[in-house]
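Structures given as structure tokens follow.
The two complexes that follow have subunit A in common; it is paired with subunit B in the first and with subunit C in the second.
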Partner chain A sequence: MSGMRTSKIGTIWFVIFVAGLAALPFINDSRSFLILMTQICIFAVFAMSYDILLGFTGIVSFGHCMFFGIGAYTSGVMLDRLDASIGTLLLSVLVGVLLSALLSYIVGMLSLRLKSHFYAMLTLAFSGLLLVLAEKWRSLTNGNDGFTFPIPSVMKDRTVLYFTALAVMVVMFLLLRRFTQSPVGRVLLAIRENEQRTESLGYEIVHYKVFATVVAGMAASISGSLYVLTLRFVNTTVFGMDMTLNALLMTIIGGVGTLFGAIIGASIIEWAHHGLSELAKFHPIFERWIIFFGLLYIVVVLLFPAGIVGTLRLWWLKRRGRRLEQSLQADSNAIRKEGAG
Partner chain B sequence: MSGRRTDQADDMILETEGLTIAFGGHVAVQEVSLKVERNRFKSIIGPNGAGKTTLFNLLSGQLRPTAGYVRFKGKDITPLAPFQRTRLGMGRSFQITNVFPNLTVLENVRLAVQSQQGVRLNWYASAKAYRRFEEEAKHWLDMVLLGNRIGVMANYLAHGEKRKLELAMLLALQPDLLLLDEPTAGISIEEVPAILEVIRKVKEAGNRTIVLIEHKMDMVLDLSDSIAVLFNGKLLADGRPEDIMNNETVQAAYLGGLYDDAVASAGD
Partner chain C sequence: MNGIINLLVNGLATGMLIFLLASGLTLIFGLMSVLNFAHGGLFAWGAYGGVWLYAATGSFFVAILGAVVIGMLLGLVLERLVIRPVYGNHIQQILVTLGAMLVLSELLKVVFGPNPLKADVPPLLNGSWEVEGVILIKYRLFIICIGAIVFAGLLFVLKRTKIGLIVRAGVMNPEMVQALGIPIRRVFTLVFMAGAGLAALGGALLAPYSGVIFAEMGMQFAILAFIVVVIGGMGSIQGSAFAALLVGLSGAFMAYYVPELSLAANMLLMVIVLLIKPSGLFGAKG
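Take a look at the complex of A and B:
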């Protein structure tokens, strides 16, 4: 029953949080601020998708950007070649999701039966392959330079775009949370904790791992589609190692295994990105943002090994555990007294 | 009551034939041919390093044998993975505690209940919808005296408590064959009788087969319908407790003085 009360409190906080985000455009309508907030929402979805792998199932991927890139290019190409309508946009998101699901499934089936680093290596190989494909298939992608494309006219409004990204983030958060709390999601956690024991309880591990990678791939594809929608431009950077590293950093800094942590991690990294590029006007050292993220990473890993949200949660669980223990102790003392009396 | 039935081939829930595994040059289990009668209680004894746990690993599929086969419920299961054996009705507990450290005690057992109920690929319903799984998990936890620790993370449990959790997870699977690897090791003296009682209850329900690895001879003699002795990876003897106690090879090889004490205390 205390669990139910907790989840109710959690829901209230989440509603307040979302309401706060929704009110932002009315408080500060500067263009750069809205763009930043939109990016945060998009990368939060990408980071959550990575968290399904790393935090919930314990799978490491070095090529998660490939699904982000598939969504990005699918939406870019379809909006460019077909028409710039809402219908085409939605269709392109759907096609991207299906392509990503298919590729996730293939990569997963090829490698997830083997030792865990095979998946990491194979995703790295596939994302590299897709990067080369995007560079070489010039007729479709215009190579390294990329191409600009038109977007549906309502989406040209920064505020509309922000609300779209916010809505997608909230919906994805709720869907993924539901998934992680479902019977399958619980088995994913069990696999993360102790794979061999999970199998000995009667669960076929590879099914669950493939399931997790397919869900993560689909979610990443959606974030990729949204990303290029805000830029009205796509090039090969979407398949870059930086993208995967971003997701990894956001997930770890926010706290693995907590979807909300991915949102916090995305906010911090995107803010830092923004802040550093402002500072770069004063000194070029600040352009080397990877140095600062490296430092940030070290600080977080040293001070909060479970990430920011993860550390808070642990602290809270411990406190609750201690209170529970104390009340049980009191109970048993009372019983002992009764027995003695 | 426990009258002995006549030995019939189809009464064997588990059979091994020439089961052998070698780690490099070291043969840990050698040519073991063991039969376990359905709904009976068999203990496996033997000194440290005799190969008892390794034999369990071969039975439950954690290890593949170098030679020989395992037959369960009349079916050759040698090539099957552990999860397939579990689904056929074989469950085991581990000597070295093997739980989910960062999940709650309740969730550890709930996962076993969920598997037992066959809810494996449901990805949409919130697990909270499965309230009855939690109720059942609590039932098993109460049985092993962990009912007051359900909200605690498993890695905060004391060693003895982890052993009880291990047992609850096995019970929750409700397997037809229970492989118990030293279930009372590490449990405090006061609590051993309660755990023994749990095992006895399962035995007395009469519809399950139990194979127990145990060093405590009084417990073995008290519960077993038959005892198998493992020594240096080989099956030294297998038979009724009385026969094993009087078996000269067994006495010479392993039991010695220990054995006489056990008989004396069992005779009381």
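Take a look at the complex of A and C:
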């Protein structure tokens, strides 16, 4: 009963949250602000896709950027080579998603039978390979320099782009949440909690894990496509370690296993990145802003493994639990008094 | 003929450097089942430390020694502060060591500046010998010698000494070793420091070899080391030595004949090993 009530309250809060985000362009329509908010929405999708792996299945990937990059390059190349229409854009997103699904399936099948370390190492190596590929395949990617490409004329408007990104974020949030609450999602949670036990209950865990990585890869590819759409430019940075680190930082700091934490994390990291880059004018240490996040990240992993959203949720549950305990205590006291009387 | 011998020497030298990195990784993994993603950071610190000390003291020997000490001290700090709190939790370990990697390589940029540094070969090892028309570069032979000495030394320590016995027993069953009254945690720290020192040694030796060093090189070499550890089998020193030479040689030959596929060839090797023998060529546990 109370579970249903909280989920209803959660829905109301979520609607308010989305409505607030949708109202933003009407409150503050400065260009840089809109660009920042668009980036946040895009990285929120990327971080949510990572959360499916880390938070909901307990798989660590150090090469999540490869799916982001596949989406990015697929959209870039197709918009450049074919025509810059909405149809091409949608087709390129679809192609990127399919390519990512294929690659994540291969990587997953190779390494997920083994200990968790192997997936982390293998994804790291594969993303390294894709980075080299993007550098060397100059006829397609123009190497390190990258290339600019035309985008559908509707998308040139910053506000339209922002609403697109916001809509994608909301849809992806709902879809991924639905996925985590599906029977498959429940099995994934079980794998995260106790792999041996899930296996002995008769689940073929490798298949479930591979399924999770494919879903995460597809979602990451979509965010990559959107990302280059905002830049109208793509180069090898989309395959860089920094992209994976972004996803890691956002998910971990925001809170793993919550999806919403990924959105919070993306907002914090992007805002802070923006702010700290500004501060670099005053002291060069702020150019190395990533170092603060590295330290913060270590502290969060060591001391608050649940992240911001998870820690708040735990605290909230504990408080409610205590209140429940108090009321139970009061009840039992009353009963005892009645018995005595 | 000259070309092939040169490629062979190149490959062996690179392989030895990767071995120095991978041997620490594999030892640490074998004993404590911690996969240290910060290992590349220690490697890069070794390279920077070596170059800096060489410029400051003018003695290559001091530079190498100093780099190893820097690596071991960093290893000590890492183990105590970051890894010790999360023993037994694989996911947290993997995550936290990557964070340490991030901080280590960013710190390099803070201390030494973000631009790549030039590294010189010491005059004694500069130049080459010519043997019957084949040109052998001294420094590369030097790396191969050092690598072989380290390999022999590691095997000797592991197979013939008391501490090696404890480490090997710890790889098999750490709880049992502790139950026999040996402070296994102290052994963990020691092995971690040794692994960190080896990584730093690799970095310090690499610097004059490649001529230029930069903060990101840690990650590049770490990827090769991971490939080596997967191919050779986690926890096996002989396995990583064999796989490191294999990867070094295939890298050198591929880089000469089809440079685009250099990394791809190593990845392919790894994929084949994973498909046929997932625990690695010499590995017992998967």
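Quick note on the criterion: the second predicted complex is superposed on the first by the 310 of 341 C-alpha atoms of A that agree within 3 Å, B and C clash if a C-alpha of one lies under 4 Å from a C-alpha of the other, contacts with A are read in each partner's own complex, and residues count from 1 in each chain.
Going forward, a contact is a pair of C-beta atoms (placed from the backbone, for glycine too) under 8 Å apart; a residue touches a chain by one contact, two chains touch by 3 or more.
Every value quoted in this text rests on a predicted model; they were computed, and no experiment measured them.
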item	value
Clash-or-fit label for the pair subunit B, subunit C on subunit A	fit
Partner chain(s) touched by A:121 [first = subunit B, second = subunit C, both, neither]	second
Partner chain in contact with A:207 - subunit B first, subunit C second, else both or neither	first
Which superposed partner A:195 touches (first subunit B, second subunit C, both, neither)	neither
Inter-chain angle, subunit B to subunit C through the CA centre of subunit A, in degrees rounded to a multiple of 10	80
Partner chain(s) touched by A:182 [first = subunit B, second = subunit C, both, neither]	first
First (subunit B), second (subunit C), both or neither touched by A:129	second
Superposed arrangement (fit on chain A Cα atoms) - minimum subunit B/subunit C Cα distance in Å	10
List of subunit C residues in touch with subunit A within their complex	29, 35, 37, 82, 85-86, 90-92, 94-96, 98-100, 102-103, 106-107, 109-110, 114, 219-220, 223, 226-227, 229-230, 234, 260, 263-264, 267, 270-271, 274-275, 278-279, 286
Sites on subunit A touched by subunit C in the complex	54, 58, 60, 62, 110-111, 113-118, 120-122, 124-126, 128-129, 132-133, 136, 241, 245, 248, 252, 285, 287-288, 290-291, 293-295, 297-298, 301-302, 305
Contact set on subunit B toward subunit A in their complex	60, 62, 81-83, 86-87, 92, 94, 98-103, 107, 110-112, 114-116, 119-128, 130, 148, 151-153, 156, 169, 173
Subunit A residues within the subunit B interface of the complex	2, 178-179, 181-187, 189-190, 193-194, 196-205, 207, 211, 317, 320-321, 324-325, 328, 332
